[in-house]
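As written, the chains take the letters A, B, C, D and E, and residue 1 is the first residue of each chain.
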Amino acid sequence: MNDLLSLVHSLVNGGMDMAVEMGAPDLILAGIFYALAGVAVLSAVGVVLCRNVVHSALLLTASFIGTGCLYIYLDADFMGAVQFLVYGGAVAILIVMALMLTRRDDMDHSNPSRGLFHQVGAAVVAGGFLLTMGLAALLSPFREAPASPGDSAAGLADLMLTKYVLPFEVAAILLLIAMIGAIILAKGADEA
Amino acid sequence: MDFMAVQTEILILLLLLSTLVTDLAMAKGASRRPVAYLTAAGLAAILAHTCGLYHEGASPVFYMGLFLADNYALFFKQLFLLGMVFTVLFSLDYVERCLPHPGEFYSLLLSALLGMCVMASANDFLTAFTGLELMTVSFYILVGFRLSSADSGEAAVKYLIVGAGSTAVMLYGISLVYGAGGSLDFAAVSRNVHLFTAVGLAGVVLVMAGFLFKLSAIPFHMWAPDVYQGAPTPVTALLAMASKAAGIAVFMRVIFTAFPYLGEFMLPLLKTIAALSMIGGNLLAIRQTDVKRMLAYSSIAQAGYMMAGIVAADYFGMKAAMFYAMLYVFANIGAFAVLSVVDAERGGTSRRHVTGLSQAAPMLAAVMTISLLSMAGIPPTAGFAGKIYIFTATVERGNLWLAVIGFVMSMISVYYYLQVTKAMYRDLEPGEETLAEPLPVPSVARAAALVSAAATLAIGICPESLAVLTNFASQTFMQ
Amino acid sequence: MFDFALTHAWLIPLLPALAFLIIGLGTRRDKDASAKIAITFSGLSFLLALGVLGAVITRPIVMADPFVMKTLWAKVGDIELSMGVLVDPLTAMMLFVVTTVALLVQIYSVGYMAHDPGAGRFFAFLSLFAASMLGLVLSVNFMQMYAFWELVGLCSYLLIGFYYYKDSAREAAKKAFITTRIGDFGMLLGILLVQLTFGTMDFVELKTLLPTYIWETGGGILTIIALLLFIGPIGKSGQFPLHVWLPDAMEGPTPVSALIHAATMVVAGVYLVGRAYFLFSALPVVLEVIAWVGGFTAFFAATIAVTQRPFKRILAYSTISQLGYMMLALGVGSLTASMFHLMTHAFFKALLFLCAGAVIEAMHEEADIFKMGGLRERMPVTFRCMAIGVLAIAGVPPLAGFFSKDAILAAAAEVSLPLYLLATATAFLTAFYMARLLFVAFFGEVKPDCPAQETNAWMRWPLVILAALSVVSGAWGHFAGFGEWIFYGPVGEEHIDWLIAGTSVALTAVAFYLAYEIYVMKRWSAYEISRRLGVLYRLSYNKYYVDEFYTVIRNTFVDKLGAVLYWFDLHVVDGVVNGLARFTGGLSGVLGLAENGQVQRYVAVFYCGVIALTAYSLLIAAMLLAVVGGAF
Amino acid sequence: MMDPFSLTFMDVFRFATHIGLAHFLLLAAVLFAIGLFGLLTRRGLIPALMCVELMLNAVNLNLVAFNRYLPMPDLSGQLMALFSIAVGAAEVAVGVALAFRVYRDRATVNLDDLDHLKG
Amino acid sequence: MDFPLLSTVLLAPLAAALAICLLPRESRDQIRMIAAGTMTLATVLTLYAYAAYDTVEGGMQFTEEVPWITDLGVTYALGVDGISLPMLLLTDVIGLASVFSSWNIEKRTKDFFVLLMVLIAGVTGTFIARDLFIFLLCYEVVVIPIYIMVLIWGSTKRVPKEYAGIKLTIFLLMGSAFMLVGVVSLYIAAGGDSFGMEALAAAGQSGVLDENFQIFAFLLLLLGFGSLLSMFPFHSWSPDGYAGAPSAVSMIHAGVLKKIGGYGLIRLGLLVLPLGAKFWAPLIAALAMVNVLYAAYIAMVQKDLKYIIGYSSVSHMGYVLLGFAALNAVSITGAIANMVAHGIMASLFFSQIGYIYERTHLRSVPELAGLAHHLPRLTVGFMLAGLASVGLPGLIEFVPEFTIFVGTLSVYPVCAFLAIAGIIFTALYILRMLAKVLFGPRVERFAGVPDEQGADLVPLLLLGVFLVGFGLFPELLMGVIRSGVTPLEPLLAQLSAAPAMLGGGF
């Protein structure tokens, strides 16, 4: 897994370094960004439109991976790693298993959508959200001043064990409880 | 790091672990009463312990001002503990009869409690968020805990879906606030002028939406009726009193410490939402026949009242909101204690199920009536004093119209509360005679109901006793 | 002795009141004891009244300088409501009349009610009535008068409805109360206006205040006040158009008719005008109204009486007619004549009614005079008394009616010829219908199944005493100087205008002759005459359809309007209330439709809220940006 | 503040080629909106959960981008994203368990069939 | 501090309620005895207070004061003056009578008397409270017991009792909602540190509350007190409510509870918001006039006895309102006295109707007839109440009505004129009812109905004594009221120059 991670890292960062050297950093950076963003967005679109739920799940993973790459693009290596592991791996697998368990028949139409009316309504709501958030992003005069945060894993570890140790513990309990709860709910289902 | 600041949470965590262990140690199929008693005793002990934690002067802080154990937090923690203790007590029978894994049930209750306590003390978004999620996830599970009931599962799914949507929004908001405020700390955020940019303001309202979801204020209320109705009755009780109060606790802290300078921006919104909640909640409750569902709508309205206190945006308003949150706990304990018994004995909580209660169990009927009247704000129950506090504060800030809406709607609410009273007290029709037969009431539940009713009346007649506490707690923000 | 009576005049009404209490709370089931108590207390009251009369005669108490005693009853704000006694010759005369008639009627009632199980109640009510009437007579102010005025109305109501099991009695009682109530309404308004205008309701004080007031502000508002006040007497004294209750009131026991609806209560209106004559006499317009109302009523009622058949009904219309006379006298400015007639009328009309009672009782409740006949032989004493009464009312000298009626005619003639002619015509009609009554009932053949027998002693002796009074009171009054005693303004000179007197005596004689020819000799068929007169007869027989008119009015403006308003209340006022409730419920239902159980709908709504909030925040942000610019 | 009516092609081009915070914010908004659309239209519970994950993911992008492009003193933005991932995972776990539970009761995991509670 | 007389009067019924709670359901006799004993005690104490009240001194007497809720400025302050003392007496007398009227209730006796005691305590509290908070508290306390009592022991005639009960409850509560807003804004405007009535009144009269505020706040109070007093068009709860309620509730409701409206208008409306009262007075007068005539007309076409008396009480409340609206010492004295008078009279009516209904299960006028033959005592009760209602002298209503008329005729000539005309219509419907129900031929169906005796007779005797006693000796009542109204005279004199809507009169 570590190997894979470093491979991707070297690929992305290597490309960037190359671009910087070539004197057209912005353009190339933009290209990479658009490529990754395209992967993320198109996969996401696929997730919500695919009729086969297994395809949806796979595309979801693709979208997650695209986003994970973007994290690395943003110098958040550790985040990227977690993204691949948790989302790309665990969550996706969990979901696929769930799909298998709850739906054992034909997979082709396993991911039905609501009717057109609903779709239009949903599109309006989603579009509205997009519009407002997009406007918010565009209307805000941020003075960008990228600070190099240094090693993301170390920085995060530091925060997690000092300043945010309490939420860290709480999150641990949260996971524990989620596990217990999931077991009970699922076990209850089995027992019935 | 000052671990004294988190002693309550640590104690709760220890209790949580001991319940887990006890549960595991017990034989399969054995009654889980000991776990319940352990939980209740432990919670009572912690509650007693917290009483000694009120203090003058500076409050203990966990680390870098990120986790405050101030009187404000303490007040809310006591509120949660109180609600939890009583819920455990009155639901002993219910849990044993209707829920498949009572041991874990108590563990989950405690984890939800832990989440709430963290929320009450949290002084940064990350802590608040994790606390909130701990509570929420625990509730997802608790709502779906009644495995014998399909409605319970449906309710849990709905809660999860809408809750996840709300979590997403809140996170979005936090992200934007983080961007604009440059930090996750409430104090640091409050000082950042970028909060006044589009991203900042949008972030603020999204965060607000996330908390308002917990308060089930209109228009973020849609989940509440279904979830309240489907959830096991004790869980509904907790959703109504504790979850909501936790939302209020963190909401007020966020407003007053993270966004203290956004008053002009937020107050019109909050007023509108408060008014909408008061109107909509009460109107929607009118048609309900299921008491739990009715209480869900009523809880929307109650959230509106509390928000009316909050929008006074001053010491008096906060005090009033806290006062109201506390008395609402007692009212809920009473109502849900009765409903739990009814649910366990008669297998439902619709008006049909409470019919004839005044003859089957006169004490329960009386407690139910008193509790409902407290929610409606009819003296001599605590609700009346609470409404006076809230709307005095509201009027003082010039929001007379809000007070008009509040009072008028609370009188309309009497209508649907009285529908329940009517069902309990009316003459039985032919064919309903069995409903008059005495209902076996577990003595603990009876005691819990009585205590809550007594407290409701006591606070109503002598509000000073509680007001002292809220004064003390609300001074936090005045320092 | 006289002083004692005077200073204890307040006992006069209180004694019967006490009797009422004792009977009501204690002995009402015991007929004899009740009767004894009632008569004893009435007797004491009568003695006191005699004492007062003596005191007034022997001491310098004159109209201008009455004896007054009063005590505070209630004080509201700065207005003091007092109760007390005001004794002047007018009062003394009234006290004497009322106590006399009351006592006699009570004695008579012992016989009359001998077989009625409710006699105890009857005596209680009679005592209450006596108390109220005496209180009214003694009033020191308008408020007291109004209070007792209402109370006599109550007693009238209770006594008319004494036979409560009879629907007709029940209805008559109700009608009496409500009709007089209309009058009371006007009177109450008048009294209130008096209080507001003068700040007092006391007769003595008003009398002194009034001239100054008229001097300063003229009589405009006073005219209104006086007219309003006069509405009360119109109702109480059965003046047109509120006379309708009086004939129906005959449903009560006959002693009641005698006491209340002939001798005392119905003259309260006349008495009121007399008592407040200082006010009325100062307002010519009002006097004219009074005169015309009185004159018209007198004639109008007489024309009705001519065609009626029931014994007591004829007497009732006769009473109305005579009350009209009294009003007429007041209207033409002669307090003396009015009061004189009031007194004589009290005696002879009470006599007539008591005779009627005796006859009707003897006839086993048969009231139609045409079913009687020849009673002269069966009931000789009653017949003689009746005859005296008839002659007295017809104004045959030297009986009482002659003097008092002549005084009125003389007074009317002085003021207005039309009124005099009206009064004279009335006198003629009066003589005619009274003669008709007497002839039809007492003359002719005895009907085969006639059960009549002479009455018992309890009933007989009061008749005799009243008959005696009917004979002598007129002459006594005339020659003892009634006019120097009760008067207003300058003392009227006592004389008999022989032209006027002669005319009326002659007309009376003609009327008697006609009646004799028609009803005794049957020279002309009464039926034929009525058929010839056609419309006139029907109008008269049906009392000019006044009752029917009122029924229409009541149905339309009271019951129908009430029904309409009730509809309005149910469907509009309450409809709005229910509508609001239904609207709220409906709104609840409509809003509830949003909660369709679809969780995605819930999410959508949630996000709509979010979008709205965000849009608002963007708006604010844009505004801030416009203000602040790039200052961030 | 940009005046949309005075934008030239060059302005647009420059904006498009200079990747900055705004791009990430927009991307996040787009991803979020897509997820939202899916959440509102997918009938199945599991696909809906997937869409929720998409949304959370979009938010994380926001956090990380803010942390990267603005002068933040520490990595709390990333940390927040990390916690959000954890929370998201927990929610999915519970959601999946619930899916089993509901499937057992109702033999369906379609959200629109879960409308027993309403009114 | 002396013996806490007023506290005893207030708390005795509550103590009785508690005691009854602890008794078993079956011991009906003990329950009744406790209720009756308590109310007798309260009545005796009140009578003592009435006798011992120093009318020369005037003002608040028998005062008690204990700080209660310090952060709101609420004090447990009790006291009576010439305005509230008659009301207190009324409450206890009617309360006592209502206990005896309910003597034969066999269905859920325990619950009934518990609720009745709470109800009486609540009403008592409103009249003796010197603190607005306590006033409100006690006022709203009474509504819910009434609802439950209507629900369980009420009767369904034209409308179902459930409807009548909820209508009454919600109507009154909606009114009180506006009142609460008014009170809260009043409290804030007066400084927000005391709910004490004296303090608020001082603020209101010293100009702390400006005129516009007073006008606004008074309107809110009027909505509340007006609905309570069944002011047109907020009256429609009243007849339905009485018709649905058991007789004890009707008695207390018509007899005392309604009077809280009038009492509140004087105590709060006039004393605290004098300018507001003055401004709205013409409207009140006009509505009062409508009340009198409109309700009288409707009463005329009613069939159900309780509806007749219900509308009659609406009509009579018109006089009270009119007396208030005229805003002078005489008219206000009349208004207060009229409240007492109507209270006694209406509760006597309802107790007698209750007896008829209990024994015959009939209340409809066309179905009843000739009761005088079989029920002479009941007839006396009916006649007393009816004749008092008509305003006969010697009975309690005469002087108050007269006083109101004197006080109002010069202020609102037209309204007063029309309202005085109401005495005709009152006579009409009352006498019609009496005639139909009591008199007429013997009806054998009622031959077996026993006349009132024992406990049933108590309401008649008790209320009758006051009905006649205050009627014959009105100074007993007016003297006390005068001592309460006299202190208002300077205020009223000031007010005469204050502006009113529509130029002040018509």
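The working rule: a contact is a pair of C-beta atoms (placed from the backbone, for glycine too) under 8 Å apart; a residue touches a chain by one contact, two chains touch by 3 or more.
This is a predicted model, so every value here is computed, not measured.
Chains making contact with subunit D as well as with subunit E: B, C. Here the chain-to-chain distance from subunit A to subunit D, counted in touching steps, is 1.
Of all the chains, the one whose CA centre sits at the greatest distance from that of subunit C is A.
Central chain assignment: E. Criterion: smallest distance from chain C-alpha mean to the mean of all protein C-alpha atoms. By number of C-beta pairs in contact, chains A-D lead all other pairings. Subunit B and subunit D, compared by their mean Cα positions, are separated by 29 Å. Each chain gets a centre from the mean of its Cα atoms; for subunit A and subunit B, those two points are 34 Å apart.
Distance between subunit A and subunit C, defined via averaged C-alpha coordinates, is recorded as 102 Å.
In terms of their C-alpha centroids, the spacing between subunit C and subunit E amounts to 35 Å. Chain contacts: subunit B has residues 126, 129-130, 133, 137, 140-141, 144, 147, 156-158, 161, 165, 172, 176, 179, 194, 197-202, 225-226, 287, 412 touching two or more partner chains. For subunit E, the set of residues touching two or more other chains reads 170.
Within subunit D, contacts with two or more other chains are made by residues 1, 21, 25, 28, 32, 35-36, 39-41, 48-49, 67, 70-72, 76, 79, 83, 87, 90-91, 94, 98-99, 101, 111-112, 114, 116-119. Counting only pairs that meet the touch rule, the chains in contact are A-B, A-C, A-D, B-C, B-D, B-E, C-D, C-E. Contact residues on subunit A toward subunit B in their complex (touch as defined above): 132-133, 135-137, 139-142, 162-167, 170-171, 173-174, 177-178, 180-182, 184-185, 188-189, 191-192. Contact residues on subunit E toward subunit B in their complex (touch as defined above): 68-72, 111, 133, 136-138, 140-141, 143-144, 147-148, 151-152, 162, 166, 169-170, 173-174, 176-178, 180-181, 184-185, 187-188, 192. On the side of subunit A, the complex with subunit D involves touching residues 26-27, 29-30, 33, 37, 40-41, 44-45, 47-48, 53, 56-57, 60, 63-64, 67, 70-71, 74-76, 78-79, 82-83, 86-87, 90-91, 94-95, 97-99, 101-103, 110-114, 118-119, 121-123, 125-127, 129-130, 133-134, 136-139, 141-142, 144-147, 149, 152, 155-156, 159-160, 163-164, 167, 171, 174-175, 177-179, 181-186, 188-190, 192.
By the touch criterion stated above, subunit D contacts subunit C in their complex at residues 1, 36, 39-41, 48, 111-112, 114-119.
Against subunit D, the residues of subunit B that register as touching in their complex are 125-126, 129-130, 133, 137, 140-141, 144, 147, 150-151, 153-158, 160-161, 163-165, 167-168, 171-172, 174-176, 178-179, 182-184, 199, 225-226, 229-230, 287-288, 293.
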